[in-house]
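You will see two complexes here that share subunit A, one where it goes with subunit B and one where it goes with subunit C.
And now, the complex of A and B:
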């Protein structure tokens, strides 16, 4: 760790904190993704709460305060919690949500009892245990970060080694089981990895909010890509970024680290949910608005062509009457057309320019082709069963088939 | 009233208020939503303190209810986008709200006489020192609030009894007869938010979840009848209050935490020794069925000996 710490442009303590937070974010991001994709996020919440009594028991047993010893206790209780949650879910009567809730709150209550009990012993050095509730990055020392990094690297190596079977299991567990993969064993591995991630993070983020660190990177990365490898890598990067930003902000302001990291992460997720290309809420809204506008403009173009076909060039008022469109929509569409140079005006009267006429033809041809496809498509004997793209039928069918389709339609009309 | 009695009453009433709602949460599989809401009321408490500069119950209850609603609607909205699954939606919203509350407390702690410790441990040990002026009479604040919470929840459950019951057991039928299960769930979670904030002073923001879920889950293992389930839940709540109080003073540990541990003990007991759904009863039933099958098999073999 030494050279890495020297390489960072911060003071020694800040570098240690930043490095620790990066390790935590990276592992929580990658390993949390495995839980999020299986919809087992809240089991992670229960396990994070279960580490609290583990830390206390380790402290009572050894009297040690260094984070590394306490990690062992946290890990042991995390695993016990994981086994109990699964056991309780399978015991029949208790539903999964109640099982998680019971485990989470029982372990937490036990942790609080032990924490206050230790407090009443009045031993020196017990004060640090409280930081496991809300997290504290400030107390990290180089040795802790080294151990965290070793644990994290081991866990990431397991993910890399088991990538294909994990992928099959996450994508379709039943299919993977039918293919002979040991699903139960893989789920145990994933839960154990989750415990590793929690153990690495709980000291810095705190038991109560650790779950957010598992979800935030996965939820953000999932918006940005649909491929598992991509989600895992991005989640790791996002987690590390969020962790470092939050830890440094908290170290600077003296606020508890966990809440600051969680709020930073929440903002990142929110941004991804709103803006992610192809999926984000605002992105989809913009696309919808554009599609609607395009349809409106095309419709007005056709209305205008129809009117020109039947008589003299119409005024805007006449066009509104003929097409029955709201005036505002019509005005907007005409504005768009004017800007692209599709319109020509003769005083009040509107008619199509040369380029306008060309685009009307293109639109009409596209629509004709589409209705021909709906009516005669079945006679085409396409080489494959793909659905063609309705926005550009000619390109997705190929010229040869499109021409054949037109011939079929013409034949049927005649 | 002696101070021990005040603490006991506070604990018992808190457990009762939670116990009236818990069974519905468990039956409707809303246990984790109640966890989320109980966390999410924290910023409401802080905001109410900051705006009104008072610890009077009403503004704080209002603030908590607002944030409880924000939490529920936020989770619903996030799920509604289809971009994240329900569990991730819960795990995104409530930590963010809770973190907001924690940061609010850390920043303005001195101004509002509120600190992180009381968020976690509650202040039930101080219950005897707080009083509330009710119509000229000085009554212990936490007990009065506890009674109010129990009364409110009792009224809530009694008034909506049929609707709550139908939507809990058969949501599709309820939907068909025009009782919306989703709306009932939201109402229930608002009640949870209000209960959580009243219980906040005595048991803290997080252990209230223990009292909401654990006794009800234990009762769920013991009975099939809703009224019996509620009665058992409340009884376990009082047992946790009494047990928690005595063990806590013996071990010199947090009363609220010890209440949770006793409740968890009751759950384990119900899980192991429940008459019908307990693990022991199931094992015995399985063994008996196995023996009967073996006997029947033996008889069949004897009867069909010639072949």
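And now, the complex of A and C:
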């Protein structure tokens, strides 16, 4: 760790905190993704809460207050919690979410009782175990970070080595098992990895909010990519970034680390949900608005062509009456057409420029082709499952099929 | 298709055979003492009402759920040790369609057990994956996330994954449920092609009309095996009445076709 710490542009203490937060964010991001994809995030929450009594028991048993000893207790209780959750679920007596809820609250209650008991012992230097509730980045020492990093790298190495079996089990457990994969064992491995991530993070983030570090990076990363490898890598990077930012902010401000990290994470998820290309809410809204506008403009173009066909060039007012479109929409569409040079004007009266006439022609052809597809498409007997795009059928079908489609339509008309 | 066209091989073990199979969830038996066999090189169907245990039969045969009694054989060998000869297409209802995976990656999963789960795929595997995608007409969609497909396209992808497995026996659970007619026709043609290549195919299917018209062999199941044999002998009013209950099936008096009322 030494050289890494020296390389960072911070004081020694801050560098240790930053490194620790990076390690915890990275591992929680990657290993949390596995839980999210199994739809087991609540289990992560229960296991995080189960570590609290573990920390207390370790303290009572050994009297030690260094993080590494206490985390052994946390890990042990995390595993016990995992066994109990699975056992209660398998018993078939309760629904999984109820089983998880029971475990989560019971372990946490036990933790609070033990914390209070330890507080009442009134020993000198009684370890400030309360920081395991909301997390504390300050006070991380280099030795803790080294151990965290070793555990984290080990866990990430397991994920890398088992990538294909894990991917298969996560996506379709039945198919994976039919291919001979021991999916029960892999599920155990994934749960154990989850415990590792929690143990690494619980001191800094706290038992109550640890689940956020497991879920937030996965949720954000999923918005940005549609491939598992990409989600894992991005979740790791996002987790590390969020962890470091939150830990440094909290160390500076004196606020508890867990809530600060989680709030930073929330901002990242929010940004991804809104803005992610192809998936983000705002991104989609913008695309939808653009598509609607294009349809409107095409419609007005055809209205104009129809009016010109039937008589002298219309005024904007006449066009509005003839087409029955709201005036505002019409004005906008005409504005767009004006800008692309599709219109020509003669005083009040509007007609089509040469390029406007060409666009009308193209639009009409596209529409004809689309209705031909709807009516005769099945007769093409396309060799594959391709999906025609109504905006540009010719491109999605290919020229050959498009021409055959036109021929079929013409034949049917004759 | 008439009975004597059924490609039942006189010698050699059946593609899939279950003997005295009993499976229960909790204590309720879902399959009871089921004997059935599906011949090599045939297109076979498993039919029966909802909840008859059709999915359970396939899953128990593959060892995905424990059986109380009985055994399953694939090409004469215990199924658990012959998994490399079987390609399985599970029912699609349990799949998380938002899962971050592309069409191509799904099909590649068919190669993992062949190549070894921890190995990288080779150029040969990639060629096989390409071919499987082409065969189900999903080549143009290889890079698309699986959730952005229609129901029929998803089923094509799952069948491509089974093709990539290159196994002699294929088991498909309700592959035609909830897909469009064109896709169903295309996929049925594909299954016939595969049969012509000598593969043995067992399909859980709910449309008795299609089974009569296109399949060679059928198991009629409702907890017990009601009948198992060539379609012409098995998909008949008596057995269907026993499997589905009396009012579910009418004999079409005029055209001799079975009318199937849900």
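In this section, the second predicted complex is superposed on the first by the 412 of 414 C-alpha atoms of A that agree within 3 Å, B and C clash if a C-alpha of one lies under 4 Å from a C-alpha of the other, contacts with A are read in each partner's own complex, and residues count from 1 in each chain.
Quick note on the criterion: a contact is a pair of C-beta atoms (placed from the backbone, for glycine too) under 8 Å apart; a residue touches a chain by one contact, two chains touch by 3 or more.
What you are looking at is a predicted structure, and each value in this text was computed from that prediction instead of being measured.
Enquirer: Regarding the shared-chain residue A:92, is it in contact with subunit B (first), subunit C (second), both, or neither?
Expert: In the superposition, A:92 touches subunit B and subunit C alike.
Enquirer: For the overlaid complexes, name the partner, subunit B or subunit C, with more touching residues on subunit A.
Expert: Looking at subunit A, the partner in contact with more of its residues is B.
Enquirer: Once the structures are superposed on A, label A:80 by its partner contacts, choosing first (subunit B), second (subunit C), both or neither.
Expert: neither
Enquirer: With the two complexes superposed on chain A, say which partner A:215 touches: subunit B (first), subunit C (second), both, or neither.
Expert: A:215: touches subunit B, not subunit C.
Enquirer: By the touch definition at the top of the document, which applies to A:170: first (subunit B), second (subunit C), both, or neither?
Expert: It touches subunit C, and subunit B stays clear.
Enquirer: Just to be sure I read the superposition right, which of the two partners does A:39 touch: subunit B = first, subunit C = second, or both, or neither?
Expert: both
Enquirer: Let me test your reading of the model: by the given contact rule, A:281 touches which partner, first (subunit B), second (subunit C), both or neither?
Expert: The answer is first: A:281 touches subunit B but not subunit C.
Enquirer: Determine, under the contact definition given at the top, whether A:233 touches first (subunit B), second (subunit C), both, or neither.
Expert: Neither partner.
Enquirer: In the superposed arrangement, does A:102 touch subunit B (first), subunit C (second), both or neither?
Expert: After superposing on A, A:102 lies in contact with subunit B but is clear of subunit C.
Enquirer: Which subunit A residues contact subunit B in one complex and subunit C in the other?
Expert: Residues 39, 92, 222 of subunit A touch both subunit B and subunit C.
Enquirer: Mind pulling up the subunit A residues that touch subunit C in the complex?
Expert: Its residues touching subunit C are 37, 39, 92, 161-162, 164-165, 167-168, 170-181, 222, 225-228, 230-231, 378, 382-387.
Enquirer: Show which residues of subunit C lie in contact with subunit A when the two form their complex.
Expert: These residues of subunit C touch subunit A: 26, 59, 62-64, 83-84, 86, 88-90, 94-96, 98-102, 105-106, 109, 112-113, 117-118, 134, 136-141, 145, 150, 152-153, 156, 161, 165, 182-183, 186.
Enquirer: Applying the document's contact rule, which stretches of subunit A touch subunit B when the two form their complex?
Expert: It is residues 36, 39-42, 44-45, 88, 91-95, 97-102, 104-106, 108-117, 120, 133-134, 208-209, 211-212, 214-216, 218-219, 222-223, 255-256, 258-260, 262-263, 266, 269, 273, 279-281 of subunit A that touch subunit B.
Enquirer: Report the residues of subunit B in contact with subunit A in the complex, numbered from low to high.
Expert: Subunit B reaches subunit A through residues 26, 29-32, 34-35, 39, 78, 81, 83-88, 90-92, 95-96, 98-100, 102-103, 106-107, 116, 120-121, 206-207, 209-210, 213-214, 216-217, 220-221, 248, 251-254, 256-261, 263-264, 267, 271, 277, 279, 282.
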